[in-house]
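Each of the next two complexes has chain A plus one other chain: chain B in the first, chain C in the second.
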Partner chain A sequence: MALSMNDQPRAALTTTDHTAPRATPARRALRPMAIVVGLIVLVVLGMTLSPSNALELQYATSLALFAVATNLMLGFGGLVSFGQGVFYGVGAYTVALGWMHHSLSFGEAMVVAPFLGAAIAVVLGALALRTRRLYFALLTLTLSQLAYVIAENQANFTGGTNGVFGSMVPTWLLDPRNSFLFTLALVAVSIAILWKVTRSPFGLVLRAIRDNRSRVEALGVNVFAHELAAFVVSGFFCSVAGTLFVVYSQSSYPELLNWTSSGVPIFMAVIGGMYSFLGPVLGAFVYEFANHFLIQYTQDWQLVLGVVLLVIVLLRPDGLAGAGSAVAARVRHLRTVRATHDERPGVAETGEGDAS
Partner chain B sequence: MSQPLLVVEGLVRDFGSFRAVDHVDFEVLPGTIHAVIGPNGAGKSTLFKLITGSLKPTSGHVTLSGESIEGKRAHAVARRGLVQVFQLSSVYSRLTVAESVAASIVSRRRRTLDVVTNFHRTALREATAILDQVGLAERASTIAGTLSHGEQRALEIAMALAIEPTVLMLDEPTAGMSPAETRATADLIVSEVRGRGITVVLSEHDMDVVFGISDHVTVLHQGQVIADGTPEAVRSHDQVMAIYLGHGAAKDGGAS
Partner chain C sequence: MAQFLTEAMGTLSDAGSLFVVAAGLTLVFGAMRVINLAHGSFYMYGAFLMTTFVGTSSGLRFWWSILLAALVVGALGLVVQLGVVRFVVGKEPLTQLVATFAVFYILADIGLHIWGDGARTVMAPLAVSSSFTLAGAYLPVYDLVIIGCAVLVGLALWLVLGHTSLGWMIRAAVDDPEILQSGGVNLRRLHLGVFTAGALLAALAGAIVTPQISVAPGMDQSIIVTSLLVVVIGGLGSVVGTALAALIIGIADTVGTLVAPNWAATFMYFAVILVLVVRPWGLFGTPER
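For the complex of A and B:
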């Protein structure tokens, strides 16, 4: 006979417990395996789907990078930036304008764009990170609107409201499969680098800053410098994602710089789970899937999105990834309770805390 | 006599027309426990903030090991070896206990901008030894935000110890604690903090703690120092008795 759930302290399900056994090697190997399987599934899908669906998958893949890069600020740094669209747009415009003005080849633009995004992040971050919380969100939003207006008004240089359209990618990238594999490879490498950034001494300090910035300051860390570093790294990879928008659409236009564009990766991170590294990837695919399919059935898909977001924020602020690990912890817990059959307190999740 | 480690001279801080700290002078000798006491509103917390750099003084000087630190920012003051533990609990709500201490070790070793190595893992291992000393070894993988109040205060002391400070400023370390937790914290301050040769400056409302562990007591009242000396001298000081201890039982010093 199994003990009922009520025999266990509920807190054991949500907090860590030193008495619990460490994660078994099998469980630890699960995540890398899941990632490999996920990549294989993506490659197979990309090769077999119809060209238009494969293109949507390619777009979702590039947005996954945008979401993970934005989440470096949001979930790891605790900073809500409504200005990441600036870096996304800078990435796209670098490729597009380089082509339009015959100044940069596609390859050159792909290399220059992230560094340009990072350089702009130094300037914008130095301004915006002087403020906190709501003021930071509003200031980044303002800076993003400024970039939007500049892109729209400097029509001679940027093509104005219509933006830039044309065959700006090399011919081999016009093949949908090549284009998909190129995007997937660049996204995978970028996300791997971002993973290492979060799993480093810097990543640990960044999460400490998120939880209590004045405490970290009092322990000898220049918080401003570290937030700026996170902003610059985020800007760098948001620009990489922006270059992939051009690979997807062969265009760049001012909307990319708009604050609504900055909102997209925030939605994705919140849906997927901002305290989990790969949560935003999940969020990006769910969001784009919903965007692509719901729109066929309802004009008001954004209303649906709004309701979903509301439910997540109210019930599960740690998103789908958080809900998933809570379910997994409960299953393990029940299994242990059944296995032991004795009076000892149940075991719970072990490990290194959140953002894992 | 050894040279004073921390010297506060003529420190003044105005908030509008209100003078919260009024020409405060005192010296802290190395290796001592120096208590700053006074009723609520006496200016203790403001004084601490002025010393640690989270507030800028209107005028006056603060010198640490012969180097002027007034007006420097909090992280720069901490870098020079003066670390504060705040009055209100302020642990990292979503980090584990071991990670919280590891963050301090990463800071001390100046690896905070390191994105390449796995030094944070080394720091996590080093954290275990410090957690052992404050009695939190068994809680290493607990999320810090779920600890009890007393455990959170012990964790904060561990986070500060991991910086290996020369001076540790403790603002009301026993506030809100049960008598048992208060005794444990006082023991911790004597054995693990002063025991390592770290100089302690603490503000404290519990007179048993103050007179039990302090080597030197400075009494503040309305922003001014009204008495300064050994616990015995301060206890027999007439003005202190009248203004401060006279307000209530000596047990809670009228500062509750």
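For the complex of A and C:
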């Protein structure tokens, strides 16, 4: 983005993103194809599933955007924000309150919400980014809780504890297929823009800051401005995801803003793999469908989630995507070993040790 | 004057129990550089165990129950340290936060199985459930119990951390763990002891406030946020800062309720923001590298 166009050290900032696949022609073609196939599968599923399952798929799709937007900071910026629920909630409340107070039509609210989220992100980011690492995580958690408390207590404006619910969505969006396609289109465009952002010079500088902050600072880059920009872009798209929550549920309530809600996209990114761009998408689908189906059989969703998170964070911090590419690397490695050193099968054991 | 005394007493008592919980959190951080998001779960378990142990009785059993609840949760802390936290010491903040968040979820779920989702109450013994008059104000005796407990905890921590060899080991555990270990100190055992003590403090606070609150699921979630506010204001790892910050939060809450009831719950957050704008590392903390 424009911010980084004048940053001279761009060439020096070779990315150390070791999870990025080597761009052989085959792989380069594979990725867009996989995305197109994935989109087609999603559309077909959304059109053919029963309305309740299609609605669930729609919700998971909107959460995928929430997770990817959060991961712009988490995985690419190395900034652990436990406050993204604020922007999710701002998105949802903008639509809901616009309807309740007859001040914004649905269409207007959908346009206003992301910019409102971004504006709030400028203020909160300027405040929170004064702190570093753990303090940043705790301060954003605090801000999330502050937003929750305000939404809960200003009942005259926000509807209080119960939140806002009602027919705030235009009638054409009440059809499950329309609302699914609408959600999918908005999420796909948003994620494509976020992809462009991470591949831009700005995205590279952001990753460089994550990997070696003091060096980037010494090179003369305005680290604070870059982190703030990441915070704002993330806030913008978290708000888009929040508006899609209203499309899904036709309601908005204070719990969307609190710290456990802010934890959800982090969990999705961690489960799916925060060092891969689409890992959080995988995480969002896994998380939401596990949640949806487990709730039908057991009340112990929290227990399952807790154990899964523990296992992943202790054993596979790079998540499912990381585990997947490690398995793929292992298979490729074994294949080459078998082809070249067929007479020495022990080589496979001493080869790439990072698969464990 | 009477109203001032009533408010002051209530504020001190709230700040006192808050200090005991937050002291446990900051003690663990001070020795291990881990923020334990499941700390509030220990507090909730302390309170729920209290309801189990006291039951409907009133009398001496109340005091024994506090002790027992704290000890049982201390043992739980031992398990959590050995099973989870041990592995995230020295890791990235994200790893630590997600791992302890996971413990928070697991403990919340188990708690629901044991105690259900209803609210419970505990009666304080008659001897401390009355009120006394001072300058025309009726003041609950039990507030004095909580304040006394907080003062004792504060004194004990000050003595142990500042004036014993155990104290300098705990401080050295963060400053230079390698030198400490080469001096023959078992760092793992030290971490285990500190984490257990932290859990114990949380449970002590949870147990001791039971006569004044209704014990229900979800109190783990709200107390962890408030105690995070306290340790962030005070500066992570500082017991003195924690005491001061608990007072600030208590006062902010009371003043908020008196001045703008509608906005009361937000006052403590603004106190945090105010402090962090001036000193991003808290009142008594040290800047992070």
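Here, the second predicted complex is superposed on the first by the 315 of 356 C-alpha atoms of A that agree within 3 Å, B and C clash if a C-alpha of one lies under 4 Å from a C-alpha of the other, contacts with A are read in each partner's own complex, and residues count from 1 in each chain.
Basically, a contact is a pair of C-beta atoms (placed from the backbone, for glycine too) under 8 Å apart; a residue touches a chain by one contact, two chains touch by 3 or more.
Fair warning: this is a prediction, and the values are worked out from it, not measured in the lab.
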Could you say whether A:197 touches chain B, chain C, both of them, or neither, answering first, second, both or neither? first
Taking the superposition on A as described, I'd like to know which of chain B and chain C A:275 touches: first, second, both or neither. first
Contacts for A:226 in the overlay, against chain B (first) and chain C (second): which applies, first, second, both or neither? first
On the A-aligned overlay, A:76 touches which partner chain: chain B = first, chain C = second, or both, or neither? neither
In the superposed arrangement, does A:59 touch chain B (first), chain C (second), both or neither? neither
Taking the superposition as given, does A:135 touch the first partner, chain B, the second, chain C, both, or neither? second
In the overlay, answer first, second, both or neither for which of chain B and chain C A:236 touches. neither
According to the stated criteria, A:208 is in contact with first (chain B), second (chain C), both, or neither; which is it? first
Classify the contacts of A:216 with the two partner chains as first (chain B alone), second (chain C alone), both, or neither. first
Would you tell me which residues of chain C are touching chain A in their complex? 35, 84, 87-88, 93-95, 97-99, 101-106, 108-110, 112, 221, 225, 228-229, 232, 236, 262-266, 269-270, 272-273, 276-277, 280-282, 288
Of all residues in chain A, which touch chain B in the complex? 11, 15-18, 196-197, 199-205, 207-208, 210-212, 214-223, 225-226, 229, 233, 275, 350-355
What residues of chain A sit close enough to touch chain C in their complex? 74, 80, 82, 127, 130-135, 137-139, 141-143, 145-146, 149-150, 152-154, 259-260, 263, 266-267, 270, 299-303, 305-307, 309-310, 313-314, 317
In the complex formed with chain A, which residues of chain B make contact? 52, 54, 73-76, 78-79, 83-84, 86, 90-96, 99-100, 102-104, 106-108, 111-120, 123, 138-143, 145-146, 159-160, 163
